[in-house]
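First chain A sits with chain B, and in the next complex the same chain sits with chain C.
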Partner chain A sequence: MSAGTIGPGALLAPWRRTPLATLGLYGHFVRLAFLKFLAYRLRYYTGVVSYTVFVAGHYYLYLALYAGRAAEGLPAQIGGLTVREMVTYVAVSWIGRSLYFNNISRDLARMVTEGEIAMHLIKPFHLQSVMMAEAVGEAGFRLLMFTLPIMVVVAPLFGVGAPVDAAALGWTLVSFTLSLVIYSQLGFLVGCLAFVMKNIQGVLRAQMVGMDFLTGVIVPFTFFPGWFQSVVAWLPFQCIGYVPVMIYLGKRQGADLAQGLLLQVGWALVLGVAARLVWRRATRRLTVQGG
Partner chain B sequence: MEPLIRVEGLCKDYRLVDRREGVSGGLKDLVRPRRRLLRAVDDVSFTIEPGEMVGYIGANGAGKSTTIKMLTGILTPSAGTVEVGGLVPWRQRQQYTRHIGVVFGQRTQLWWDLAVVESFRLLKKIYEVDDATYERQMALFDELLETGKLLSQPVRKLSLGQRMRCDLAAALLHRPRVLFLDEPTIGLDVVAKENIRGFLRDIRQRDGVTVILTTHDLGDIEQLCRRVIIIDQGRVHFDGELADLRRRVGQTVSLSVELREPAGSDELAAATGALPVAWEAASGLRHVARFNRAEVRAAEVIRLVVNDRQVQDLHLAEQPIEHVVREIYRQAAAGGGA
Partner chain C sequence: MDAGTTRFAAAGARPLPARLAWQARIFGAYFVQFLKMRLAYRMDFLVDTLAVGFSLLIQLAVLGVLFGKVSALDGWNFPQVLFIYGFSLVPLGLFNLVSVNLYGFADEYLIGGRFDRVLLRPVGSLAQVIFESFNVSGLNEILLGLAVMVHAGRELGWKLGAGFGVQDLMVLAVLAPGAALVYLGVFLALTTVSFWFEDKMGLAPPVYNLIRFSRYPITIYSLPVRVFLTFVLPFAWVAFYPAAWFVGGPHLAKVALLTPLVGAVVFGGAVLLWRRGVRNYVSTGS
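Take a look at the complex of A and B:
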């Protein structure tokens, strides 16, 4: 170990983390987040119940809706979905949500408004990457301790349809992983609003509700008029919920499937880069509260 | 020696919104907010050489924390430059922060939900500290700060003093070249303060780390720093050695004399004759002489008094640094200043 004396010209030595070390560092954040959520796992048992209740609510609603149509002699499909597909749609989108959901926007907003952000800026890492790593760790925990239990309860209870084939199941998993990335980058961007807004609570609440609506978790887009669907097609939200569920249902196959996944990758990249730019700009003109 | 830290013409403006009163005021605020700039740091310049330990002091709201935030790259200045070891803190943030340690007494940099040791392991990864250095540093922290028995506890269960010790250790784990301390002894009891001061002295001798320290406890400054920078309303009002500061303010020594028989202060003043010494009656047989060490030798005053009077007791004291600094603040407020 060299003594701490300063070299000629009093320069600080150049330093750069190698790619391998970078991977190791952010991997460590993944692990820590996983362990942190594992410590709080009790909270998630009640979550299993509430997700089941959500799905049950939609289940009976759609059963009644389809039964009503049948009584009037209307076709047994709404927006191209049969009642069986509709139930599957609802169940799979909630199961997916249980995986990709996180609170990045709220956490980041809190760090900014309480000035805790300062403690991250004095460390040689990139907060956006740290938060993404933590989101991955959280998702790992959710998958094991939350999503799987929900699946085990919900699938037999409501007779959720199996995927059309093994490939569809695989692509659905890939697609939901991309949902996680898109959801998290979007959350980071929303959290960055705290840099310019004094009171971000309203935005966060709007995000909570609006997100589930715009991702298609609450109502499938096929229910909506054409103009609405074409607007939504231009937004990133459908890539979080609607696209992976449609893959599961086998409504996106071949070129359609590839297009859906590419759209997701595209949005993940665009939002990631946007978040990076916004972050850079925001931290350059930041004022930190307190101290 | 080349300076390690160069600060030139550093300024920081905060944008403030003045709120109007009442409902109509609130509505007006919505439509056309009354904005105002507050210059928290105003044209501050200084250089610091490697290994120096500098006290950065000033009254509440003087701009100390704002300066530290710019030096650590948290805030971007409104004007001026900062260069530390050839790097610009807010521009080369990742590179730069690898070499610095920071403690904000008011907050922790440890991970709130983790056990202390987990935070250290994470820091080890973040700063790429090798195993040998890690072990050595941890042993050192345990020896000097007694952090060993705190390691297994979650941060949120630590007392303020325990947390501060862990925070200091966390800031130094990677053996930074520069250490920024913003009120590292805030809220601590006398013993804890002493421990931290002792630790800082030790670590500085060992690693030659350069330290900038802000504090409201001038004991910290007296025991740790040879050089102080005093700022007031964002401007530098003094930059120099502590001893110079005492000299500048004058009357830095007080000699307390207890006589055997009553006498008036004027009689004592007559005894010290032409010397610039101010006498003042204290209580009973006690009198206090104040004079500037630079102008008058204490031995001379004592000799004259002892020759003239029967003296029971003598006590020579440096004026506490608080008085010296208060005097500087007072001069600054009166528009005197540097």
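Take a look at the complex of A and C:
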């Protein structure tokens, strides 16, 4: 902290921090989260096996689906995807998920139900920003120790297609980074439900199950009937999984690409602001009993 | 407590059937006790029912979408796959009902020291650990699984007495618990590992994640995967093989009847491991 902020009461007033100090503060949380997850890296070795299992299961399922189509004399493309593209879709979806996934909703819900939240409220930072910073640190760890190993295992095993060009790969990375922000803010919002609900376990379970479906990780949206696709188009979930994978496959180029990325930025902002508003309301009427 | 002590002492000397009946009474009491505790949280059960229903709905939507694109997956049509899926929920529900303590076993019982108390009691240690807590949401899975099976059966044109007889019901009543034993055996074996070394890697999650792929006809997988699921990590026996009695044709129907045997072997092996683990157990003293 800069010398100017020192004085009675000043340390507790975050708005007196210089922007640079704020950046440094949250930067610390990024670093700490990275180191924390590094300590638990052994758990991620079995995670690599898990993700390989996910990809393998869907790989065989879709191969059987496309083979069935061929046997019945139906067109070889389903929802605009060939069988090769479908395999790539599955693999890239799960590889991306290994990067943006985190447990913000669960962690926040636990803090609220166990009363630990009180200790965070008296500290001179905003918990939403702290959790986002920690998510970035975690993602950094995941990228190096989890996502890359998964890529190394999955790509040759299932013959995952290369990106259409270098630019597509770059934009995919940008897009998955935005997925991380959207996923985290959505998780924060879900976690905030713990302020009003006595039992949030059911919601968290529904989130676990629903997310992979709604983000398009399990089935691409183009497989669904039109009405479902138009509903999904108005929801933030497609910006987490579906949009970046479509960019990777080269299905979104030029204006379409820009539109997809802008949509992601838009949802990241909307959810971030919504989470801040919900947080403000919730912490105003919060009662912590002991804790 | 004098009368109680003599009753416990005498229990060991009783003949096996009487001992089993006595144990069953004890664990019945455990269950009633647990239900009483849970009734204080009725909302939990409701929320959980909704979560299980939601998850089921999504799975059905996925199957529905896939079968909107093709009429048969490797020769298996929609009602058949639906039936396998519905069947898979029944053993899974049975397993979930009693498996909650297995996940936290290393932390709560071994490191937390609860296992000392278990060993002091004159009832089998494994049975105590398994029956000390229940996951009532398993009942949801069983009921929803049965509902899906009934629906799939209707789609297949079965009626009670025509296509689906009393014999089939009896087979179901034997195969479903047999398949649940496969689950229990696999996860029990993974749990017993913590008697020897601290599981820093988390062996159970990848195995658990494999379950969702045991619900599809395993003929869609390549030969190595099929061999793996049949003989190494026998998840083919938790849904596909037993369900094949009903939807799999005459050859696979015979294979289906092996399910209880596989369940007994897997579970029996896990119990032997457990016994060795208990002998190896050293209290943390906490």
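As a convention for this text, the second predicted complex is superposed on the first by the 275 of 291 C-alpha atoms of A that agree within 3 Å, B and C clash if a C-alpha of one lies under 4 Å from a C-alpha of the other, contacts with A are read in each partner's own complex, and residues count from 1 in each chain.
Going forward, contacts are C-beta pairs under 8 Å (C-beta built on N, C-alpha and C of every residue); 3 or more make two chains touch, one makes a residue touch a chain.
Here the structure is a predicted model, which means the values were calculated and not measured.
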| item | value |
| --- | --- |
| Which of chain B and chain C A:G202 touches, first, second, both or neither | second |
| Touching partner for A:F224 - first (chain B), second (chain C), both, neither | second |
| Contacts of A:H126 with chain B and chain C, given as first, second, both or neither | first |
| Partner chain in contact with A:Y45 - chain B first, chain C second, else both or neither | second |
| First (chain B), second (chain C), both or neither touched by A:V53 | second |
| Partner chain(s) touched by A:G68 [first = chain B, second = chain C, both, neither] | second |
| First, second, both or neither for A:K36, with chain B first and chain C second | first |
| Overlap of the chain B and chain C footprints on chain A, listed as residue numbers | none |
| Of chain A, residues touching chain C in the complex | 42-43, 45-47, 49-50, 53-54, 56-57, 60-61, 63-65, 67-69, 72, 74, 78, 198-199, 201-203, 205-206, 209-210, 213, 218-219, 223-225 |
| Interfacial residue positions of chain C with respect to chain A in the complex | 41, 43-44, 47-48, 50-51, 54-55, 58, 61-62, 65-66, 68-74, 200-203, 205-206, 209-210, 212-213, 216, 220-222, 225 |
| Chain B-touching residues of chain A, taken from the complex the two chains share | 1, 3-6, 8-17, 21, 24-25, 28-29, 32, 36, 39, 115-116, 118-119, 121-126, 284-288, 290-291 |
| Residues of chain B defined as touching chain A within the complex | 1-4, 14-15, 49-51, 65, 69, 72-76, 84-87, 90, 93-100, 102, 104, 106-109, 111, 113-114, 118, 122, 125-128, 132-133, 136, 175, 177, 182, 206-210 |
